[in-house]
Amino acid sequence: MLKHLLTPLAVALGLAAAGPASAQGVVKIGVIEAMTGQQQSTGVQTLAAMRLYMQQHGDTVAGKKIELIVKDDGAVADNSKRLAQELIVRDKVSFLVGFAVTPTALAVAPLATEAKVPTIVANAGTSIITERSPYILRTSFTLPQSSVIIGEWAAKNGIKKVVTIVSDYAPGADSEKTFTEAFTKGGGQVLEAVKVPLAAPDFAPFLQRARDASPDAIFVFVPSGQGATFVKQFIERGLDKAGIKIIGPGDVTDDDLLNGMGEQVIGTVTAHMYSADHPSELNKTYVEAFKKANNGLRPNFMSVGGYDAMHLIYEALKKTNGDTNGDKLMAAMKGMAWDSPRGPISIDPETRDIVQNIYIRKVEKKNGELYNVEFATFDAVKDPGKAKK
Amino acid sequence: MRGPDVSTSAALASAISAQFSARARWSPLEMVFWLGAFSTIWLLPEQHLILTEIVIWALLALSLDLILGYAGIISLGHAAFFGVGAYTAGLLAKHALVGEPVLALLVSGLAGGAFGFATSFLVLRGTDLTRLMVTLGVALLVREIANRAAWLTGGADGLQGIDMQPVLGLFRFDLYGHTAYIYSLTVLFVLFLLARRVVGSPFGLSLLAIKGNPLRASAVGIGQTWRLVGIYTLAAAYAGIAGGLLTQTTAFTSLESLSFDRSADALLVLIIGGTGHLYGGLIGAVVFRFAQDWISTATPQYWQFWIGLFLVLIVLVGRDRIGGWFAPLRRLADRISGWRPWRPGPAAAPDEGGRP
Amino acid sequence: MTSTTTTPALETRALEKRFGGIVASNQVSIAIARGARHALIGPNGAGKTTLVNMLTGVLKPSGGQILLDGRDITILDPHERVRLGIARTFQINQLFADLTPVETLGLAISERLGTGTHFWRVPGTRPEVVDEIAALLERFRLTDVMHERTAVLPYGKQRLLEIALAFACRPRVLLLDEPAAGVPDAERHEILAAVAGLPTDVTVLLIEHDMDIVFTFADRISVLVNGQLFVEGTPDEVARDPRVKAVYLGESLDA
Amino acid sequence: MVTILFDGIAYGMLLFVLAAGLSVTLGLMNFVNLAHGAFAMAGGYAALVVVNRLGVPFALGLVCAFLFSAALGALLERTLYVHVYAKSHLDQVLFTIGLVFMSVAIVDYTMGSSQQFIAIPPSLQGQVTVFGLGMSKYRLMIIVICGILTLLLQLGLTRTRFGSRLRAAVDDQRVARGLGINVGAVFAFTFALGSGLAGLGGALGAEILGLDPIFPLKYMIYFLIVVTVGGTSSITGPFLASLLLGIGDVAGKYYVPQFGAFVIYTIMIVVLIWRPQGLFVRKGAR
C-alpha cells in the first residue's frame, strides 16, 4: 500500500517561484489586516482609507512608486507573524502597516526589530505595543488615552457609582485599569468589574448583573463591530429607562454601526479621538471622498488610523527623499506633526506613540443620521499608559 | 516471469516473505519524494516560512491520518491535542523549565499523548456521528479552559514572552526561518519513519483489520479496545509535537491553535491528499497551503469562497474517483519500483477428482 | 476445573435468548464431545445463527451457561473466546477486503502467537509464522491467489479463505456456519475436501442446510426447531425419527 | 432571578426554531448539515433587505425571511444536497463546511462585512412590566412566536398525514419506502421547511445574536449541541434541549461568568457518552 505514486514534492514546490526582484523605483508597503473573521470590518475600513489616500495624493512620492501588498491575517497572531516574515523576506517591503488586534502587533514586534522595518500600528490600542520594538509607531489610539479622559470627565460631571464592562482581552484590561484609576482619583466608585467573552458575546446576563448593582453609569469597552449589539441589548434590558448612562471610549458608538443602533442611543457620552462629524474642513472632504469611494460606507475611527499611516509614510519618504533605510525613516517619522481628519496629531519622539486630541462627544441626530457630536476637547493627549511610568 | 514451481513449500515460504518485505520496502517514488522535500532547503530558501507551516500542517494531517485512515475514527477536534502541545512547548520555553527545544518538543508530545489517552475512551464506542460530536466538544472544552486560564495561557491575547533557545544549543532560530524549516522537516521525517514502521507492523495490520471488518477482527482474536486506545494516543502525541513545533518556530501561540478552523483544515488537508497511505497529509498540506496562500493574495477578503467551492467540488466529484485519476500513475510506479507480484506457475494440471 | 477426556469440548446448559417478546433460544442444552463432527440442523428461523452468535460471544445470552472444556465462557468477549480455542466461519463472508490472503492468515496467526501487538517489527520476518501461512495456503488451495486483494477473489476462494482463517486460530472447537453456502457445484468439492481434511482432534460443529453434507460428515446431529432442541442422535436415528420428517415436510409439530 | 429565567426561555425558544430543521434533517436522512446556520443567515439578511431598504413592515419581513430561506433550501437540496446523501458522514461534513465558507464570502461581498440590524418597529422596543417585572417586548414576542411555531410543528407531526409519513420515514427509511411513502419528496419538503424555520429564526435572532457574515460559523456549535442533546427522532427532544441550553447558558453567564461556555460544552459531552441517541429519547429509539 505504501508504494503509491506521489506527486513529487519538488514539482509542487517549483510552483512558488521566488518573488520578483524589487525594481529600485518601487517602495512596497506590506498591509497586514483582518480582512476575514470577527474583526473584518476593521480591515475593510483601514484598507479603504489607505487606498483613498493614494487616490488623492497619487502613487509616487520622492520619485518612488508606492505599491500596497495586502495580506489577510484574520486577526490571528500566528498568521500575522508568518505573513510579516514573508513580506520582509520575499517581497522586501519597506513598511508594515495594519494590525487589527493587539496580539497580531505583538507577534510582529521582534521581526520589525530584527529586520529594521518601520511598522505602523493603524488599529490595535494596547499601550505596551510601542515598547515592544524601536521600529513600531502608532497612528491609531491607545485605550488609556480615551479611558483616562472619560474617567476624569465622569467624576467631574456628577457620576458617582459605575460598573465597568469590558471585553476579556488586553485592550479591555487596559481601558478598565486606566479608567478605574482616573475615575476613583476623581472621587468616583467602581461597584463591579465585569469581563465579557471576546468571541460571540451575549451581553444580556452581564447587563442584568450590572443593572442589579444599580450604578449611575456603565463604563463599557468592546472591540469595534460589537458596540451596536451592546447598545441594543442595553436598551432592551431597560437600563436606559432605569436612568443608567453609558460612558466609555468611542469604540462602543462606532460610526460604522451608529445608525443601526436606534434612537434611544441619543445622549450617550463617549470620549474618543475621531468622529465622522468632526467639524474640520479636512474631515468633511475626507468623509465625502470615503463615502463616494465605498458606496456610502461612513468612515470610522479605524479608517483614520490607515489614512494617517499613509500620510506618515509619504511625509517620511519625502524627508529621506526616497531612501528606504529603516533607521533613516524612523528618524524622519519621530516627532512628525500634521493635521489629520481627526484634528492635529503628532508622533511622540520618545515613545513613537500617537499624541492627539481626545474629544468628549454626545450622540445626536443630525439631518436624519446619528453622529457623535464633539462638545469638549482635550488637546494633545499623550498616552497616559506610558506617561506615568 | 515464471517463478519456481509452487509446490515446493520453501519456494512458497520465500514468496510469502517476498510479499511482506515488498510491502515494507521503500519504493523509488518515496525516495524521490523525500529527496525533493530535503532539496527545498537549498532550492527554495525564500520559501522557508511557508514551507515550515506546510510541514506543521503535514504533521498534524499525518497524525489525523493515523486515526482516520488506519483506525476509521473520524475527528473534528484534533486541534485539542495540537493546542495542548503548543501551549506545553510555549510554557516550557517561557518559564525556562525545559530550555532545549528538542527536549521540550518531546515533552509536548507526551502532553498531547497523555491527553489523547485520557479522551480516547470517549471515542471508542459510538457511531461516526457521536465521535464527530465528542471530539468537537472536547476541543471546544479545551479552548474554553485555555481562554479562562488567562493567568497561565494569556487567554485571548495568546502566550506572550516566549524566547526560544537555539536547537541543540547550536542552531539559533533566525528571522528567515531557515533553522526553523530544517528543524521541523527533520522532525517530520523522523516521525514519518516511526509512523511508517508502526503502520506496517502486525499492530498496524490489525488496525486495518479492525477498520475493514470489526466483527471478523474480534472473531480472529483481536482485542479492539487497547489497539484503538494505542493508536489514538500515538496520534495525539504526534499532534502535540506538531503544536509544539508551531510554538517553537513562531515563538508564539494563541487560542487559534485550539480552534475549530484548525481541526477542520487538518481534515481538509488530509482529504485532499487521500487517507490511508500516510503521504495523504503531506501532499494535502503542500497543495492546500500553496493554494490558500495564492488565492488569499489574489482576493484577501473573499478567498474563503474558493476554498469552499474547492471542497464542495471534491465531494461532488467523489474522493475515490479523484483517487482513481491517480491509479494509472500508481501502476506506473509499481512497474518502476520493480516489485512485481510473484506469480506462482499454474498448479499441477487440474485433474478431475478433488484431491484431499 | 479438570477437563478429563469425557468432559464435552463444548456444552450449553439451558441457554436462553429473548429479543423483547420473541424467544430466539429456549432452554437449549447441547453437549459436543471432543473430536466430534456434530451437525446442527433445523428449518429457517429455528435459532441456529442466534445460537452460534451466543457461542462466539457476539450476542449475550438472556440466561443459561456456555462451557468450553468445562470452563464457563458465557460472558467473555469474542476475542477472549478465540484465544481459549473456539473459532467460527460466517455464513456471509466476513473478510478483510483490502488485505491479501497472506496478510489475512498472517494476522490471525500472529494474534494467536501473541505477537499481534508488535508495533515495530516488519511482519513476515518470523519463520514459524511464514511456514504456517504456507501450510494453510496449501491445505486450503489458496496458493494461486495469495497475492490478490481478498475483494477481487472468486467467491469459492473466499469461502475457502473463510475456513482457512478460522482454522488459522488453531481452535479446539470450530463452528462452520454453512461453509458451502452459495458455492457453485463445480467448486464445492474443494470446500468439502477442506472440511473433510480437518484434523481429528478438532471438534467441529457444522451448521448446515444441505442434508447430503450433513449425512456424509456428521457423526451426531441435533435438530433445532423454534429455538428449542427437538431431537438429537446419530445420523441414522435422526433420519428414521418420524417427528423430524414431519417438521421438515411442513406439518406443524403439534397437529 | 425571574428575568434570567425569562431571558433563558426566550434564548432557548430562539435556538429551537433555529435548530429544529437541523434535527429533522439529521434524524430523517442521517445527514450532517453543518451549513444549517447559512440558511438562518440568509433569512436574516432577506428580512434586513426587505424591511430596511424596501420599508416592508417587520412582521411581513419575518414571513419573507421564512419564504426566502425555504426557497433557497429547496433549491440547494434538489441541486446539490441530493448527490451527497449516500456519501459518508465525512463527505457530508466536508461538503457542508464548504457551503458555509462560500456563504460567508458571498454575504460579505454582497452585504458588507460589518454587523447590521433590522429596523425594529417602536412597538417592539424597550420593556413592558408584567406582574411588576420588566420584560423586554422583543423577547416576549420571540417567546410568543416560537411557542406558536412549536405547537404548529408538534401538531403537524402528530396530527397530519404528512406528519405521520415524516415520522415513519425518520424511524426506518426502507420500511417507509416499502409502504409507498415517497421518502425523497418528504425529505425535500422537510428540508425546505427546516431551512425556512432557520431563516425565520435568523431574522428573529438578528436583534439578539447579531447579523454578520460569519453568523453560521459562530452559532454552528449551538445548533449541534441542541441536536445532540435533544436527539433526532422527535420534536420534543430538541425543544427541551434548547430550553435547557438557553437557560443553562444565560444563567451560567450571570451566576458564574468566569465559567462561561464551559457549562454547555460539558453537558454536551456528558450526554454524548451517557446517552448517545439523545437525552430525551426513549431508550429503544433508533
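Structure notes:
We call the chains A, B, C and D, going by the order they appear; numbering starts again at 1 in every chain.
FYI, contacts are C-beta pairs under 8 Å (C-beta built on N, C-alpha and C of every residue); 3 or more make two chains touch, one makes a residue touch a chain.
All of these numbers come straight from a predicted model, not from anything done at the bench.
Compare each chain's C-alpha centroid with the centroid of every protein C-alpha atom shown, and the nearest one belongs to B.
The interface with the greater number of C-beta contacts, when A-D is set against B-D, is B-D. With centres defined by CA atoms alone, the chain at the far end from chain A is C. Separating the centre of chain A from that of chain C, both taken as means of CA atoms, is a distance of 75 Å.
Note: centroid distance chain B to chain D, computed from Cα atoms, is 35 Å. Here the spacing of chain C and chain D, counted between their Cα centres, is 51 Å. Shared contact sites, meaning residues of chain D that touch two or more other chains, fall at 104, 108, 113, 260-261. Across the assembly, chain A contributes residues 1, 36, 40, 43-44, 197 that each touch 2 or more other chains. For chain C, residues that reach two or more other chains under the stated contact definition are 98. Judged by the touch criterion defined above, the protein chains form a pattern that is neither an open path, a ring nor a star, and not fully connected either.
Every pair of chains meeting the contact definition is listed here: A-B, A-D, B-C, B-D.
Contact residues of chain D toward chain A in the complex are 3-4, 7, 11, 104, 108, 112-117, 120, 125-127, 134, 136, 138-139, 207-210, 212-214, 218-219, 249-251, 253-254, 257, 260-261. Here chain A touches chain B in the complex through residues 1-13, 15-16, 18-19, 33, 35-36, 40, 43-44, 69-72, 76-78, 81-82, 85-86, 88-90, 102-103, 106-107, 110-111, 114-115, 168-170, 197-198, going by the rule given at the top. Of all the residues in chain A, the ones that touch chain D in their complex are 36-38, 40-41, 43-44, 194-195, 197, 199-200, 202, 204-206, 208-209, 225-226, 228-229, 232-233, 235-238, 241, 256-257, 260-262, 264, 297.
Those residues of chain C that touch chain B in the shared complex are 56, 58, 77-80, 82-83, 87-88, 90, 94-100, 102-103, 106-108, 110-112, 115-125, 127, 130-131, 133-135, 137-138, 141, 143-144, 146-147, 165-166, 168-169, 189-190, 192-193, 196-197.
Listed in rising order, the residues of chain B touching chain D in the complex are 68, 74, 76, 122, 125-130, 132-134, 136-138, 140-141, 144-145, 147-148, 260, 264, 267-268, 271, 301-305, 307-312, 314-316, 318-319.
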